[in-house]
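To start, the structure itself, in structure tokens.
Chain lettering (A, B, C and D) follows the sequence in which the chains are written, and residue indices restart at 1 in each chain.
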Amino acid sequence: MTGEARGDLEILTERLVAFRDARDWKQFHTLKNLLVSLSLEAAEALELVQWKTDEEADALLKAGGKLHEALRQECADVLLYLLLIAEAAGFDLAQAAAEKIDINESRYPAEKARGRADKYTAYQEGKD
Amino acid sequence: MTGEARGDLEILTERLVAFRDARDWKQFHTLKNLLVSLSLEAAEALELVQWKTDEEADALLKAGGKLHEALRQECADVLLYLLLIAEAAGFDLAQAAAEKIDINESRYPAEKARGRADKYTAYQEGKD
Amino acid sequence: MTGEARGDLEILTERLVAFRDARDWKQFHTLKNLLVSLSLEAAEALELVQWKTDEEADALLKAGGKLHEALRQECADVLLYLLLIAEAAGFDLAQAAAEKIDINESRYPAEKARGRADKYTAYQEGKD
Amino acid sequence: MTGEARGDLEILTERLVAFRDARDWKQFHTLKNLLVSLSLEAAEALELVQWKTDEEADALLKAGGKLHEALRQECADVLLYLLLIAEAAGFDLAQAAAEKIDINESRYPAEKARGRADKYTAYQEGKD
């Protein structure tokens, strides 16, 4: 591959696949199992703020603490499962995300959505 | 930035931040709200296989169908929330994932973990 | 209360409220926190079968083992959060469930739904 | 059954089992599927407060509105899956919940836990 940068996610996926195959774990990686694990890892990230107020939770955003590191690791786990799913389904996750931003830009026009937490269907139904 | 490729995730994060700020949505993006949304998007991905057997679910992995596209979009949504969290907490998500693979490599030595679905603590406790 | 039995859930709710108030915990029980906790407890129950096949998971249904007891306790935790939510919102959970069965009976007519895992909207759209 | 009241949950379970069996749905009710559905229904309940502040979410607790009814129905769905799991695993859900309150009473002594949102392990480690 000359003259072209390889993406972060491509490199991570290669390492993940090598890791998985060295352990003969593909047999456990049905789509259903990967999606269950994705959901469970997201729950573990959420658990970090379970009984906290918004203000207390936002304190985790500051680098340095034990909980900041825990948040970083839980987010990493979620990404690893996303990459395994994307690899199994044969799509490019970064491209999928770029296209989803495109979709969101048309669903949520800046001038209508400014400062509002509504779902996009609220605009389409002419409620504004 | 000469002579150095910018990562996929860095580019996506820039677009996301611009999208968010053009709508004045940072006010809604407390860590708690982002983590709740991460969890809900993961649940929407899981919902795609809710009543399916492993075999039926794996059929979604084949490109072309409506459910394959739905899976792709739900995974994209999960990634977008991960990036918003990483941006708010000031860590590099790709680097966090690379380090998590390092950790997993030491937790799950290939020769011990081959073909086993146990949690790594099973090896540490000398159960093998 | 003469001549009338008090329901299981009513009795459990009374104990829960007394437990909560003796610890001055109502301050933490915002609806959002209770719903986050409900979701996290459901995830802990799901985690018990994370990497298992359907057959392996069904083995947990047999009384006696450690995992059967874990399943029982996780389900209990989910129920306790449901009861706290119902108490806070002032509805009768058992009655809500009875009405939901009524709704499901009309959404899923037995003769149409027999042996099918589709969502009820599939019938309404005349897809059968 | 003479002279003894039957519990709410027992009656609901009987109706649920009849509903399930009239549709020949037991074949879909593996433990794994029931636990996935439990988690997804809990997520649907959480989604009702997704972008709300604690104050906005607590407004759902007031009877009368559309969202109050939605909350009631989502909680009912969660209970119905709990009952299907308890039936499949052969345990009494109300009794499991009563025992879990007993456990919590010993884990969280009122005098130590008053006004604190810590996990019980914080007391056991002598951190108070």
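Keep in mind that, in the parts below, a contact is a pair of C-beta atoms (placed from the backbone, for glycine too) under 8 Å apart; a residue touches a chain by one contact, two chains touch by 3 or more.
Just so it is clear, the structure is predicted and the values come from calculations on it, not from any experiment.
J.: Does B-C or B-D have more contacting C-beta pairs?
T.: B-D
J.: So subunit A and subunit B: same face meeting same face, with over half the numbers shared, or different?
T.: Same: most residue numbers at the subunit A-subunit B interface appear in both copies.
J.: Just give me the whole-number Å value for how far the CA centre of subunit B lies from that of subunit D.
T.: Centre-to-centre distance between subunit B and subunit D: 28 Å.
J.: Cα centroid separation between subunit A and subunit B, in whole Å?
T.: Roughly 4 Å separates the two chain centres.
J.: Return the residues of subunit B touching two or more other chains; collapse runs of consecutive numbers into ranges.
T.: 28, 33, 36, 39, 43, 46, 51-52, 54, 117
J.: Touching residues of subunit B toward subunit C in the complex: what are they?
T.: Residue list for subunit B touching subunit C: 36, 39, 51-54, 117.
J.: With touch defined as at the start, can you tell me which subunit A residues reach subunit C in the complex?
T.: Answer in residue numbers: 28, 33, 36-37, 39-40, 43, 46-47, 50-51.
J.: Any idea which subunit B residues touch subunit A in the complex?
T.: It is residues 5, 7-9, 12, 15-16, 19, 22-25, 27-28, 30-33, 35-36, 38-39, 41-43, 45-46, 48-49, 52, 54, 57-58, 60-61, 63, 68, 71-73, 75-80, 82-83, 85-86, 88-91, 93-94, 96-101, 103-105, 108, 110, 113-117 of subunit B that touch subunit A.
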